[in-house]
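For clarity, chains are labelled A, B, C and D in written order, and residue numbers in each chain start from 1.
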């Protein structure tokens, strides 16, 4: 289980989301309230978009709360679209390559949850990857695998179709155990940000849409960053949400 | 607030204390039950005695639970006397130099708690250090400072006197704020291991003596390592306990 | 011995100085050509100025060449005034607190060289620090000490006087051994950048002023970043150089 | 290009090989004399055998020269058979999972050199791995891949046959580019230690057998640890050397 947040809106310092709110991601690293584990200390990372297509990427294996660099980077770096993640590992060592976000070209991706029976099925899943995406794999997590499968399945052309197809492929390989899937993910091309909650059961990691905060932007977050500020709505499971220029649309993943 | 454990007895692999017990130090790093903070993820360290007078020292800034090396070192290294510590920092960055144990020659030292008003009084305390111990200071913690003050006050000749004098000096410099002191410490010369709990109020970090476990040794630990195995007794505050060749003696710090 | 570079001019990505030039600081980390040691692998750091008075600070203990984050940060962060440093340690462990630049409020500082006999004289030097600067000391290096002495001696009011006085104090404490001093330093308040080379003998670490590069800015660097581009002039020893709005002025340190 | 050393003989502290000799592995990390790169600062590691079948493993991403823990571990740990390695990376990030030695059960493995055209052929090589060894892959290096291929090809039953078959498989996949292979490897089951030098051209990384040192053991090392002590012989290419109970035997890899 992990915690994450994406911001989209007017350019602001990253600290306005990652550090300063009462229940910021930094606070959640020690005191997550809606996760199975209160502590998310197995590394962190963030990706942010600037003038170039390709986002910047900063990841480290320390807990977010002990990285002095993180505080200064979040104070100095401003962005109109950024993703940040703190990790509580389920599979895969604590190494930078296993930390989120994952990036590929202009795309960035974060995940919270787990693909059921992943250690046993890893080889089979990796065999499904397109060559370019196989070559791009740097770690061993189910999260990076999911991202590279999305890319293999045409994320760059049709995100909705890519998600639907990737989940179908994974479930087909899993059979019965698919019930154990718990996947909440978000990803962006630098302009539109997508997110969904999906699970094989009723147990689905939380994901909120937040708006109405003073910076004027919008947020997709595992937990509300501040219960007293802004409006927070839990996203429905089984739908792909897309946030672009301040408008949040959604579409069912099935049917 | 931190958690620690010292072992003295027949030579055993460190993992028998640090990793394997149900409520081992590794377990306490995520689930401490008698500390103000359940998480002790700001680094860890251990010191162990072998054939030489000088103990080995291993410290790192990662949380104990993410250091793959730690597990293997604890499986392979055997010792008759060792100290292990997990840190939840109060003052001083997360750096190896601020991790416990601290060592000097054949002596090793660990601490849990805090010296009241330390940031304001640091310079004054450091001015009390003997030259050799001033030169040996590598970090900024109140813990290392306390150890070096003990050494300055004759730890190598008379541990009881050194503790009494060091506390008196510190209290004299503090005045009123001495009430805020909360110090539970343990230290060893490689043969005798000492420990005490001291506080300016009723709020004193816990410290247990454990015996009767199957390895035949004895333990001084912040929390019982396994409620179902061995005998665990909370040590009284205000007394200096000394463990040598299986015998635990004690003597009041005052009077 | 270390290597460093300061840039002042139009806002550019840090990579234009730190990563991309043929003999960039990253290249110097493995192949310094005018230093006693070709390898500067004991950590690195950079400070950069933006809209706020206080610069951002990023330091790590890895060699610059193995930090994947460094490349991305330098690609994304743009600044009109920044300092970058790679370390080859003489005294003080490889820890973030011993990495340059050092910062205090709006000031930043980097150093290359050594204060003679520092381990023996450290206590005496630290006793000269003003209380606020003593409290700000986080590491053990002669470099940070020099910076905090400059601040104690009025760096914020009169940089020239602060340098002259600090060197005089140090030499007075050293006596004969002052001959062993080798100090090349640079520091900035976010607007004016100062630098000097000073030594007790003929052996003084190099420092170049570079201009005429295509980004239109100016550079103070341990080694020319590219022998084929721009104009590189070795700065004279014993003078304080000051770079402000593209104008480089200087004034003798003595007499 | 990397540097490594294996020791087999009477139990000695690791420092007698890794730290203390005039041209120890620690010295080679900054001043390798027979490698393409003088600096091997992209992490290090060591594996050592004790009472259990499975060796201990310690690896980190810091340069060997900046890891304070390394010195103490080498001073305290004694072993009759150990491997140590310093890395200068060719492919694969600086992460613990990409550091040597690699271990599997009671086997340990180190490598110096490169498999030609590896980035392009990685997927093909990984497809050759047995399921258990595919699951055991944690990094991305050609070195770990070679080790897991050896295991797939029966290393545990017949090391000579496993090496011959693995090289043949790799060359078959490579075709023309096989000329670029440069592989010097060593591996042990905790009793017998094997080593070979192999290349598709005349350019083969060095490997020496050392004996006659005062500790009475034998060494296989990239470079002689001390030109003035012991007898050092360059091993011939194209032969598998096996060291067991002080006897060094060898057998051609081909024919």
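Here is the rule we go by: a residue touches a chain if its C-beta (ideal position, glycine included) is under 8 Å from a C-beta of that chain, and two chains touch if they have at least 3 such contacts.
Protein names from UniProt, one per chain: A, B, C, D = Class II glutamine amidotransferase.
Fair warning: this is a prediction, and the values are worked out from it, not measured in the lab.
The chain pair from A-B, B-C or A-C that repeats the B-D interface, sharing more than half of its contact pairs by residue number, is A-C.
When the CA atoms of chain A are superposed on chain B, the rotation angle comes to 180 degrees, reported as a multiple of 5. As for how the two copies chain A and chain D face one another, over half of their interface residue numbers coincide. In whole angstrom, the spacing between the mean C-alpha positions of chain C and chain D is 40.
Within chain D, residues 68, 93, 96 each touch two or more of the remaining chains.
Against chain D, in their complex, chain C makes its touches with residues 30, 38-39, 41-43, 61-63, 65-66, 68, 89, 93-94.
The touching residues of chain B, counted against chain C in their complex, run 93, 95-97, 119, 122-123, 131, 134-135, 138, 140. The part of chain C that touches chain A in the complex is made up of residues 48, 50, 52, 56-60, 68-69, 72-73, 75-77, 96.
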